[in-house]
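What follows is a pair of complexes built around chain A, which joins chain B in one and chain C in the other.
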Partner chain A sequence: MIQPKYRRSFGDLSERALAFWLLLPAALLLGAVALYPVARLIYTSLFQRRLTDETGSNPVFVGFANFAQALSDERFWTALWNTLLIVLVTVPGALVVGLLLALLANLPFRVKWPVRLGLLLPWALPLVFAGLIFRWFFDSQYGVVNDVIVRLGGERLLWVTTPELLFWAVCISIIWKSSSFVALILLAGLQVIPKELYESASVDGANRWQSFWRITLPLLTPAILVAAIFRTITAFQTFDIPFAMQNGGSSFETLAMYVRTMSIENLNFGYGSALAVLMFLISLAVTLIYLRYVRGADD
Partner chain B sequence: MKKLFWLLVAVLVMSTALAQQTRLRVFVGGQQRPDVMRKILDIYQQRNPGVRVEIEVGGATSDQQQQYLTTVLASRDPSIDVILIDVIRPAQYLASRWADTLDKYLPAASRQNLLRQYLPAYSQANVINGQLVALPAFADAMFLYYRADLLEKYNFKPPTTWDEVIQQAQTILQRENNPNLNGIGYIGAPIEGTVCTFLLPIWAAGGDVTNAQGQFSLTVEQAQRSLQFWVSLMDRRVSPPNMAEKPQDTIRQEMQAGRWIFGTLFAYAWNRFQNDPDSQVKGKIGVVPLPAFPGGRQASCLGGWQWAVSDFSRNKAQAHRLVRFLSSPEVSKILAIDASNLPVFPSLYRDADILRVNPWFAQALPVVQAARARPQHPRYAEISEAIRVNTNQVLARQKTPEQGARDIVNRLQAIYSGR
Partner chain C sequence: MVKLNSPRIWLWIAAGIVVINGFFPAVWILLTSFKTEAELTRIPITWLPENPTLQNYVQALTRAPIGRYFLNSLVVAVGATLLCVFVSALAAYALARLRIPYKTLIFSLLVGVSMFPTVTLLLPLFEMVLALGLRNTYIALILPHAALSIPVATLVLVSFFQGIPKDLESAAMVDGCSRLGALWRIVVPLSAPGVFTASILAFVNSWDEFLLSLTLLPSQAMRTLPVGIQFLQGEYTFPWPLISAALIIALVPVALVIAIFQERVVGGLTQGGVKG
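Entry: the complex of A and B
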């Protein structure tokens, strides 16, 4: 058999060399904006470096001392615990609400765009805006939430300044903000489920509840997993909403908020970097666990 | 041919003029009237044709501005030459080597002369470890704003002690019986202004964070008494129970909508009450020095803004010349008239042009002169956080005043001993 001859347009490059040169710009860009900062972060985390003293210009190598300090830092554990609580409440919360929204949007409406637009809006809104809007909702004097409580005969609650109440206010805001993203992914998943399955199920006498449990949910699992991965990773990075809701205060603090305070405000870059590395490792671990799951589901 | 020759000459002259032109960039905050700053910089450009000055505006509050500047300065970005910084920051700017100290442009004798003209508090605030870090732009202090119409209605004189404030607020709240009217407003949210709230009663009682030698000297009892005082205003129902939610500008906005009888706010509030189109209290607001605390003296918290030259500027000499102009009596007067900013020169408090616009400046000089400065420390950000977060938690009833006081003192002690 004669190999078809074609001209090599990029000089005399072999296919491998061509691939190398074509991928190089993307790889360089990725290295500059992703790998270098992470490497630099890990490097800085091994130094004592405070911009408020001489270590700002002459960092002192301290090995893993910053990490040891973090492990015995009560504030780190509180922030980690708060972050975990947010993950535990808002990820399932957003999945449930998102699934309901997706099922709603998947109903055979004659005009589809108002529902879809309503789905997209919270997702398109910047996180800080969502935080500020909900801060007003939960304002003790002027907020709509307390207004409803008072009309129902209850007492005004100090939502924003009572940590236990603030936690739930933050969770509600995050679920509102993130469930539309979940719904978008699930809606895409719903639309690829073949209609014939439902038809044959109803011929066999299955009710809607049964076809939801036996058809929709199993076939939607890959989409749910994808949504759960994205939601968990972003939940671990929760920053904007609790920050905006507290006027920048820190009586309820997530890990990302603590990292910011330590580095941007207190200018303790060494310790702040160590905290950020710990946060990175936690996110990485969670992602790896999920990825194993997804591969398992594929097999 | 002749025409072409002159054209060439003209092009040549213009291009050398352009080449010689220095471009400077000045950073100011959103609340510091960039419009008035532009007017001032236009005057400078007219007098110095070789210099173009651009304004960069950022951040509505001191904290937000500093967050942005931290990113710029920590990366040694040369794009900003001159920065307007809060009075609490010179020590940190010096320690971080972000400011080009101004001493090299000023012989010791003329530095002495220059600094003597300013209000003493500002010459002190800008000299850290003997080095001149910045020069004052405008002064600020906390005052008591009150609803003159309501006080008059019940035949009250402007109060001079907190006991009087409390009593007047109680009477007016009771008789007005208006659910939208609040009594005494003070800053309680976890923001910078709350540091002043915490320190005011301590200063009035003769205490401070450090002693004259700069050593840490705050006691748990002093801190506790201060926190107890602010909590007691809520207990006595002259302040609403949600003071922990209130940043300064929220109180200003609410007072502007007619919702407060008293407010402890910085000087900027006056201009907003009188001139904002949506102000419901035009001509109804009076302003007096902060009242004396029980068993103590009066005290006010020193604010104010300073011009610093960035250490990463490529035009330090030109930037320094600009800063000398910006910190001159001429500019202080423009800022006083156009932006109601308190002058940094004592003599300007008697200036007829300024008093015509801001009649209350006549009373303001003793307040600014007596106002106390917050601690000067390279790690001020951490000091501030310890104070404002704990004070906020006490006001939110998450901690008792005693526990809050203990937490503040312990944390500050650790910072002052270098931990």
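Entry: the complex of A and C
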């Protein structure tokens, strides 16, 4: 039994006070790990501050000079461009593969667990591990991909050392890794489409292909949009897979990789912060579109 | 004989595609882990190991400190999960049950925070950890890992709490329970599956995280599995036998948990995702 006195003291809390105390720990933790860092980042981005010289302890206020520097920094534009290419290739790629997997997984299997596990494993696999595994697949000497190509009568390709091929190897790895999460979201969407719709459509003489275009796809559109936005936001942050596939190298560099190199390796906190702020703003814009869409869907 | 036009064979093919797509990288790494270096550096490559050996596993556990990396990952992930789920459960109860002003704004903030690029938090967190002298301590990684899973854990728990009939709580409160008493005796036991789902999601998030781990726990003794195994690439001239054995050691425990609780994981993912 709870002691009466103890009970009374909590029972007397007004609903608002109780809500405040319940929300406080989460708010404090998120404040310290997410909100304060963003504020700090914006502040630092206005200073020249390198840990490698005297500005490390005496930062010099430079206004928006770091941002001006970014706009004329070729490496920044290359990294941004590479990141956009990753988004443009892997988001549609993962959506198409994910939709295919979801449609297959939605068939009426008697035993469901092997298929479900087939979708869950890639999701649970750490990104870095996916990067390492595909780096081994694409190994120019001993990789299984080149082995298959040679067996089919093709030429050995230098996947990791040729920039364009490296880009495609990275994209294929990302699409494999992320398509199963897309499939899980789409599968949940497929399962709430009423079966009667398909029955009445087939009574009306529609074939499967027509049912897919007229029923499945339109009703799945909200789930596809949610998956697309999620994927866009995570693809924009791509770091682990190209990092692992190049063993930390940067001949193919994404924006996240450049931000980390500038801040943590080069210890250029001011300029690194400005790059991070730019990245944050782009990401925030996509998030706001997403939130507006979700709220629109709720109404 | 199964007829080619029978629907059953198409079901088998469909299942085969999904299963092979999901399993082939893990299976290939498993096969690689049983091959000797001599076999792995031969052309044309072999698919099945000719003389299966456990040598790579012995090497992974003795020459490379995979056991230590495993322990580090476990401490961080368990710590982050406990903290995250405790804090999220309190917040989720308030959001699911109490009248709170600006509730929509709070939900939007939660979703918004979950979409912050981790790399933009990296430098400020790095500075904070340096200033507090916490670099290469578990707590430096447990706190951010816990915080980064709060949004998804909270969203999953909110939908579980909402599924518990309010009448049960009201009845308990009429019978003399305080609100927190009702929370502890009615809501918490009934939402155990939700708490469990949120725990798995938080655990996997932490277990998989790379960028913060790389920066905040860089010393060899403190590396988590993703960081430690990635570094094997540069530490050995032909690291793949070692890496594949290490990957299998790192993957099997999590794969088992996922396999056993797959329904809950799928439910939690789609709640946290689609509803988000």
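Structure notes:
What we mean here is this: the second predicted complex is superposed on the first by the 262 of 299 C-alpha atoms of A that agree within 3 Å, B and C clash if a C-alpha of one lies under 4 Å from a C-alpha of the other, contacts with A are read in each partner's own complex, and residues count from 1 in each chain.
One rule holds in what follows: a contact is a pair of C-beta atoms (placed from the backbone, for glycine too) under 8 Å apart; a residue touches a chain by one contact, two chains touch by 3 or more.
Just so we're clear, the structure is a prediction, and the values are computed from it rather than from any experiment.
When both complexes are superposed on chain A, chain B and chain C end up clashing with one another.
Within the superposed three-chain model, A:Q141 lies in touch with chain B and with chain C [touch as defined at top]. Which of chain B and chain C touches more residues of chain A: that partner is C.
By the touch criterion stated above, A:P25 is placed in contact with chain C alone, chain B being left untouched. By the touch criterion defined above, A:L41 reaches chain C but does not reach chain B. Of the two partner chains, neither chain B nor chain C is touched by A:T78. Once the two complexes are overlaid on the shared chain, A:T162 sits against chain B while remaining clear of chain C. Of the two partner chains placed around the shared chain by superposition, neither chain B nor chain C is touched by A:Q69. In the superposition on chain A, A:S57 makes contact with chain B only, while chain C stays out of contact range. By the document's definition of touching, both partners, chain B and chain C, reach A:I264. In the superposition on chain A, contact is made by A:P114 with chain C only, not with chain B.
Chain A uses residues 139, 141, 247-248, 264, 269 to touch chain B in one structure and chain C in the other. Across the interface of their complex, chain B is touched by residues 51-53, 56-57, 139-141, 156, 158, 160-163, 246-251, 261, 264-267, 269 of chain A. Residue ranges of chain C in contact with chain A, taken from their complex: 11, 14-15, 17-23, 25-26, 28-29, 32, 40-41, 43-45, 47, 83, 86-88, 90-91, 93-95, 98-100, 104, 106, 108, 111-113, 115-128, 143-144, 146-148, 150, 154, 177-181, 204, 207-211, 215, 225-227, 229-230, 233-234, 240, 243-244, 247, 250-251, 254-255, 258-259, 262-263, 265-266, 269-270, 273-274, 276. The residues of chain A lying in touch with chain C in their complex are 2, 7-8, 10-11, 13, 15-16, 18-19, 22-23, 25-27, 29-30, 32-38, 40-41, 44, 101, 104-105, 107-109, 113-137, 139, 141-144, 147, 150-151, 176, 180-181, 184-185, 187-189, 223, 226, 230, 233, 236-237, 239-240, 243-244, 247-248, 256, 259-260, 263-264, 269, 272-273, 276-277, 279-280, 283-284, 286-287, 290-291, 294-295. Partner chain A is touched in their complex by these residues of chain B: 63, 66-67, 70-71, 74, 92, 95-97, 189-191, 240-242, 244-245, 247, 378-379, 381-382, 385, 388-389, 392-393, 395-398.
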